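You will see chain A twice below: alongside chain B first, and alongside chain C after that.
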Partner chain A sequence: MNIFGLLLLILLALMLCFAVAAVLMRNLVKAALCLAGSSACLAVILCFLVAPWAAIFELSVCSGLITVVTISAISLTTPYSKDEENELIKKRRARYVALPFILLIVGVVAGYALLNGQTGLMPTMSNASTFASFKEVLWQLRQVDILGQIIMLLAGVFAVVVLFKERDEA
Partner chain B sequence: MMPIFTAILIAALLVIITGFFCLTQTRNLLRVIIGVEVAMKGVTLLLAFAGYINGNYDLVQAFIITMIVMEVVVAVVAAGIAVRVYEKNDSLDIRKLTKLQG
Partner chain C sequence: MPASLTFATAALIVLPLLAILILNIVNKQAGQKIALNVALVVTVIQMIAVLICGSLLVTGGKGSIDFSVFWDMNANLSASFFTVDFFSLVVLFSIGMVAFISAMVAKRGVNGKELNFTNLLMVILLGMNGIAMVGDFFSLYVFLEITGICSFVMIALYHSKEGLEGAFKYLLMSCVATAFLLISMAFLFMQVGSLRFTDLTIALSGWATGEGDLFVTIAFICFIAGIAIKTGLMPFHSWLPDAYQSAPAAVSVLLGGIVSKVCGVYIIIRVLSSFFENIPEVGIAVGLLAIISICFGAIAAAAQNDFKRILAYSSISQIGYIALGIAAGGPIGFIGAMLHFFNHATFKTTLFVDSAILEESVGSTDIEQMGGLEKQLPVANVTTILSLLSTSGIPPLAGFWSKALIIIAVWQAGFHFTAFLAILASVFTLVYFLRLQRKVFFGPAEEHLAEVKESRGTLAFSAIALSVVTIGVGVLFPLILRFLQAQGLL
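Take a look at the complex of A and B:
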């Protein structure tokens, strides 16, 4: 295994750790920051997987914008009192204790199945090299996607405007 | 290359499971957003891996960008709904959402 393979493995492990931390973290702000860390690791992994444009979007939008939106929403709420928090910690611990064991079991079983080589699950590299360039794909082949994205963005803006519209109290 | 391919597939699977586990266990509206986002990370990784294996990097990048845009719209609208629910019920607990009225 070369240095890039080793680096990729470290990044995958980091991404998984950040994702698990985002779910298990008690503090919502720390959970949002762990999610941003997971996105940042994914962005570097995307670069390794020859997807630089996707990496840029992942880093700027998922790691930046979504974190800002989540933290803004968190800041508009008030934290629990000490008693409520202590009560919640006990309940949360009971609910989430199974996650590490589930991940361990699934990881071991999937690893065994994939590395065993007899299941036919492992993909093989394709040698095809006659695909369209990114510019052609985005602006010519996937024009409908662009239109869909614009409509979805407008729908999102409309939804936020409606949600935060001042209502006349009758 | 095989151990790295295996690691990518397993990492993506585990991240998706983590996100779905969060969705099934959480009772906080903001954690629902975090769960969806975590699951989306795993799907993004799988898509990028599929493009890498297939050699069709550019089509996959277009798909990932579309997915990211949808992810943002979902996150923003969900955060807006969570804030409005909090203003109305003084809680983010989904068990307290019993009155689905405007």
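Take a look at the complex of A and C:
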């Protein structure tokens, strides 16, 4: 397995960790951020798999837009009380108790497949050209989207200020 | 690119960002004090920048200008850049005008929240400017989401139960619309390999001549459904009246005056005229939704007792007229839709400003609690009459000309019964607005309203300024028509 294969495995594991954390996290905002982290890992994986367009759209939509929308939506809701929260955590733990084991099995099987030469799935392209392609898509072909993402982040920040901070101050 | 054009195009994107930066660098008290004035300056500069762009387009004899703001455009034709043409300039001017009025209304209505309101106003301005200028489907979606997020945060600005409920409804419907749009984009990208309007136009021209494709059909259906939700066309309108009613006055002005149009009907116009233009089924589908919206909006408005809800349902009806103009096709339909876009932004904003005057003076927008306010609120009375006459298409006001062009286009397209329904709905518009006028301003004065006085500040100024535009566009319309003919647009 080459260095990219190893990197891919690490990213896959990281993506799964973020995904599990998103499901189990008690704080909704942190859960949304974990989901964004999971999407960001997927975007990097897509980039390694020579799919820069898919990577850019994944990064834009899931890590950027969806996270802002989710956090803004959460900010419109009323948080649970401590007791309700504890009750919910108990239920959630019972419901998802098998999840880490399933993911562990999937991870072991996938890792085994990769380590045993199923490298047809792995990127074989020139690494330099992958990054050039990703760079070209990101900075030249989708430059308006980058501006859009910056503005989107501003919208998210102001949403949090208006809906979270002011409510806490009140 | 001439320096004036560089300044003008950059102003549309850079200036709001600069305003946000300045307002949030200075200390909070200073920021609160200057926020709305900064917003007024930015919106005025936007209107000037649009006029500069327009004059350069005319003198340069160009149909459109492509530009990039932050770094140079490269030679790759599939890159996403901004584009302005005559239609996007009309939209950008309308955005600047309504945002200016919203900031004026906010001077009376967002006590203590000037900074947050202005920050959101600048971001929503950027979002709408982006929608008006992008030439790429995905970038359009990004800016659409920016506008959507700002809209629902603004609706919930005061954390009132109604505001939060309205915002949540808007958010939910918006998410459904987003899902439809993403599916539409995914299928188009899968089939064409690009999301630039120009690439899609070339790729889909074959489809128009009969080389049909299931994925393009699904993409088209999802696109129409997504945009119909965003713009509040019937039967996807449920979020709109609640959102308008629960929002603060300055936000209602913005939402009712421009946001719902830019996020919905403008995109329909842009996309249909770019790459679904030659497909007759598209025109029929949009025309059907349009005429249902026109009739339903008019009937539902007549059954309401809240000023803002009447305006909300009236918006559904009037947006239907714009969609009908696009569906009719041809230059007359397109110009009619474009003009009705601007006219609706003007007279509907006036009516929302009048509702803000009523809210401030009477403390409510329930028309059943009002009556005989003609003498106490003279500015609101006169400007409401002018706006309702223009909305109903009474000559020589601006609304008459745009509606006339749309109905002529529909008639020429051979849909005589639809044209007849559109005229009938226009008469019905006059009926429900006269009911509103009679209940609020005419008749015997209500005792509990004896002390009501009209404020002479920014609200009255806004209503008067917009009414002048409504009259001016109406009276000078023959000149506008001549200009459009000279430019080869009609």
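Following the convention adopted for this analysis, the second predicted complex is superposed on the first by the 103 of 170 C-alpha atoms of A that agree within 3 Å, B and C clash if a C-alpha of one lies under 4 Å from a C-alpha of the other, contacts with A are read in each partner's own complex, and residues count from 1 in each chain.
Rule of thumb we're sticking to: a residue touches a chain if its C-beta (ideal position, glycine included) is under 8 Å from a C-beta of that chain, and two chains touch if they have at least 3 such contacts.
Quick caveat: nothing in here was measured; it's all calculated off a predicted structure.
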Give one of first, second, both or neither to describe whether A:Leu16 is in contact with chain B, with chain C, with both, or with none. first
Thinking of the overlay built on chain A, is A:Val144 touched by chain B (first), by chain C (second), by both, or by neither? second
Between chain B (first) and chain C (second), which does A:Ala73 come into contact with in this model arrangement: first, second, both, or neither? both
A:Leu28 in the overlay: touching chain B, chain C, both, or neither? Say first, second, both or neither. first
Give one of first, second, both or neither to describe whether A:Gly107 is in contact with chain B, with chain C, with both, or with none. first
Applying the touch criterion given at the start, work out whether A:Val61 contacts chain B, chain C, both or neither, answering first, second, both or neither. both
Quick one: chain B or chain C, who's touching more of chain A? B
Looking at the overlay, what does A:Gly156 touch: chain B (first), chain C (second), both, or neither? both
So in the superposed three-chain picture, is A:Ala40 touching just chain B, just chain C, both, or none of them (first/second/both/neither)? neither
On chain A, what residues does chain B touch that chain C touches as well? 53, 57, 61, 65, 69, 72-73, 76, 136, 141-142, 145, 148-149, 152, 155-156, 159, 163
Chain B to chain A touching residues, read off their complex: 1-11, 13-15, 17-19, 21-22, 25, 28, 30-31, 33-35, 37-38, 41-42, 44-45, 48-66, 68-73, 75-77, 79-84, 86, 92
Within the complex, chain B is touched by chain A residues 1, 5, 8-9, 12-13, 15-16, 19-20, 22-23, 28, 31-32, 35, 38-39, 42, 45-46, 49-54, 57-58, 61-62, 65-66, 69-70, 72-74, 76-77, 95-96, 98-99, 102-103, 106-107, 110-111, 114-115, 122-129, 131-134, 136-138, 141-142, 145, 148-149, 152-153, 155-156, 159-160, 163-164
Chain A - residues contacting chain C, complex: 53, 57, 60-61, 65, 68-69, 72-73, 76, 136, 139-145, 147-149, 151-152, 154-156, 158-159, 161-163, 166-167, 170
Interface residues, chain C side, partner chain A - complex: 13, 17, 20, 68-71, 74, 76, 78-82, 116, 119-120, 123, 126-127, 130, 134, 136, 138-139, 142-143, 145-146, 148-150, 152-153, 156-157, 159, 164, 167-168, 171, 175, 178, 182, 189
